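Heads up, the next two complexes both have chain A, just with different partners, chain B and then chain C.
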Partner chain A sequence: MLNYTFHWRPAFNALPDMLWGALVSLQIAVLSMVIGVVLAVFLALGRQSDNKFLYGFSTGWVELARNTPALFQIYMTYFGLGSFGIHLDSYVALLAGIAFNNAGYLAETFRGGLRAIPHTQTRAARSLGMTAPQAFRLIVLPQMFRIVFYPMTNQMVWALLMTSLGVTVGLNTDLTGVTQDLNVRTFRTFEFFAIAAVIYYLLAKLITLSSRLFAWRLFRY
Partner chain B sequence: MIELKDVRKNFGSLEVLKGVSLSVQKGEVLSVIGGSGSGKSTMLMCINGLEPIQGGQILVDGTDVHARGTDLNKLRQKIGIVFQQWNAFPHLTVLENVMLAPRKVLGKSKREAEEIAVKQLTHVGLGEKLKVYPSKLSGGQQQRMAIARALAMSPDYMLFDEVTSALDPQLVGEVLDTLKMLSEEGMTMILVTHEIRFARDVSDRVAFFHKGLIHEIGVPEQVIGRPQKPETIDFLKSVL
Partner chain C sequence: MKLRTTAAAIFIGMLAAMPAKADKLDDIIASGTLRCAVTLDFPPMGSRDEKNQPVGFDVDTCNDLAKVLGVKAEIVETPFPDRIPALVSDRADVGVASTSDTLERAKTIGFSIPYFAFKMVVLTKEGTGIDTYESLKGKKTGSTSGTFEAIALEKDVKAWGGGSFRPYQTQADVFLALSQGQIDATVVTNTVAQATVKSGKFKGFVVKGDAPYVTDYVALIGLRQEQGLLNYLSLFVNQQVRTGRYQELYDKWVGGGEAPDLTVKGVYR
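Our next item is the complex of A and B:
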């Protein structure tokens, strides 16, 4: 059983390629968060809306995103849309799938955050002559982002880890894709994936630490 | 001039205002006293359109507040309001709290808005606290900041909704001093308050609210000094 001999040298030689892949993974995670956060603000508002269509649409999105496997969501943007003649490349399909998932989870987090802000804040803003969108953007949103900041950080880590699913839709430029290619060529499965895992771990820690720093700079009150 | 004509307001089946008529002239200070739930605070919310009304009419300088075509955001620029819970914006410094509406609503430049804000904050005695966040201020200071924030819009009217009720007793004085200063400067004010002595001191007229109606109104010497109605007498006995 223990007759597997480790060969770390080829794995370490491939490290630069893997780090480039990690950069692609990080890029997808960041973009998917930016898109997800923007969509989630609208979904959270839709969830509070009296308009039946807006409420139904955003509730449907949130329910699907949170209660189906992320892998299926990415399949849908790649193969699903493909069967309707909309062909996204692997990178875009993965990004869209993760953004869809992020938006669904974040929408619920944001909804909770919004509820934590007293209605009197909006009232005070409106009494100064601000329009409803101004009051939301200038008074409510900044306070909400402070409340939801740490849950948002978790989602960012989750988004990074989800990028590894790109390999299932043919993405070979991200960390998992690069690792899988190396693995297929060399069969040093354990070594390559162990190193990839360490890189994912370090990236996740980097996200957590940098967001702490960011929060410390941002939320002085 | 602020005019209320037979104003009716209910929350569901609860009638809060049952036909209130009133007019406040430019430069006048009107204090509104009365028990909890008598409709005093609700009336203020209706005057600047924060609460809809179910009957009657409210005119501010001839503009019907609750008419369909009325631009409430525009109207609110000339009616400042300060609440019992001061509602500081916690994510902005004291200076930014006061600068925000002049910049975003009146479209002032950053420099102009800052000038206005510094002037108003100095006026209420917070000139030393410009860069501080509200959480570092006492309740009285936060309330004075809220007053400066409303004044920065250069309103023609100021509404005060029990602005000292949520304060520790030793902080009430500084806020009342600020109100007194404003009244001496000729600001038109409607003051919902439980500070009867203060009301007597600064007001041109006092209105006693009882069960959603103005029960008695007149100069302070009359309403507080020699009240006519038994309800007014009972109320004053219970609070003085």
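Our next item is the complex of A and C:
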């Protein structure tokens, strides 16, 4: 590192642009989580289903999402679908890719969560006159979310970090995209990447802390 | 006694200071290897042949440079965005990778005099209705992130207010996006456009007119403070042109007439 002098002043001038980029990254992470959680609930149910098609479909999804690189999944939603004439915007492709990945991982987490809830809970609810969907929605799901909340937080942090893969499909508005743009324009690689790393770290910490606060409010007995 | 001690101390001090610190040029010659950062998805400047060996104008230029230095050439494959990090982190000694000599970049790295010059052309697919640079207005465009043409095109797209611009990480991804219709057109260097259309790898690719940018002069790069090396690189480029080797390499890799003029009219380097 002897032959490099850091230029911090001009680098910090780009901080507002990078913070806007961070906001886009956070937005994608949150949206992909919301979509992922909804899909994962259905996938988790599909994995327990007796219907061959539902079981096969959700198992296929989970296997693919968990056993291939996230980069591959995002690349496929953009260039893979593109070769069939389906043109997703870079932003949408990244969001879809991460949501796909999230859903796969969360489905397994949820399945574990569901198994941890005793069957007697459902039976008690049914005997109180609830229908099967009511029992699932009002009794089982809330308990499941309590169990899987911390693993979900992990997935959220993971989703945020995965947004950095957007540059491979031409996204230039998220934090990594903005950083890479600045990098190739000025070649001050180390300054910009260091700042980006700090921003990612702080965002990840923010997610962990806020989810802890959230859990403390939500899951009090 | 005191005087003699002082004199001896000064003498020893001078001796220690005398051998000037070996610079990069010395290091290259002493090590016997010249490591060149070359971009290999940028035909005909740099690419790989059927045997996966690096070939192209830049590769030959690196070999020539190694030859005059009396050392062995080693090609370090470096994507466009990684050219400067490769130099700074000492994975390569010089960059022979079509680097546009912008003032912004010159704050970080040192440039030789230009060793090649590009004109930019519009590359599109048949049936998009694009026939000039102006008709790109409102269309979906894209290019390789951070290159001269990408920066110029993005600026124009923003000024036009309509359409879109997508930066991709490699030239290969730009062509993939264009062939699939993710983008309608791209602006690339004339040499790349020719090579790609000629290769026939992508169906329906056509060159439609010039992009009205100033000529993109590209230079060899080294660390900014290695004046000895940069000086040598500039003289090397001058000699390549003087001896006709520049034209020879141009005929071999690009072809079709005279190699681009490397001087700017009306100003000293």
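By our rule, the second predicted complex is superposed on the first by the 220 of 221 C-alpha atoms of A that agree within 3 Å, B and C clash if a C-alpha of one lies under 4 Å from a C-alpha of the other, contacts with A are read in each partner's own complex, and residues count from 1 in each chain.
As a convention for this text, a contact is a pair of C-beta atoms (placed from the backbone, for glycine too) under 8 Å apart; a residue touches a chain by one contact, two chains touch by 3 or more.
Quick caveat, the model's predicted, so the values are computed rather than measured.
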First (chain B), second (chain C), both or neither touched by A:H87: second
Which superposed partner A:L31 touches (first chain B, second chain C, both, neither): neither
Partner chain(s) touched by A:A204 [first = chain B, second = chain C, both, neither]: neither
First, second, both or neither for A:R126, with chain B first and chain C second: first
Contacts of A:V167 with chain B and chain C, given as first, second, both or neither: second
Touching partner for A:L64 - first (chain B), second (chain C), both, neither: neither
First (chain B), second (chain C), both or neither touched by A:D181: second
Chain A contact footprint on chain C (complex, rising order): 80-81, 83-85, 88, 90, 104-105, 107-109, 142, 145-147, 151, 166-169, 173, 176-177, 180-182, 223, 225
Chain C-facing residues of chain A, complex: 3-4, 7, 78-79, 82-83, 85, 87, 90, 167-168, 170, 172, 177, 180-181, 183-190
Contacting residues of chain A [partner chain B, same complex]: 118, 120-121, 123-131, 134, 138-139, 142-143, 146, 219-221
Sites on chain B touched by chain A in the complex: 48, 50, 73-74, 76-77, 80-81, 83, 85, 87, 89-91, 100-101, 104-106, 133-135, 146, 149-150, 153
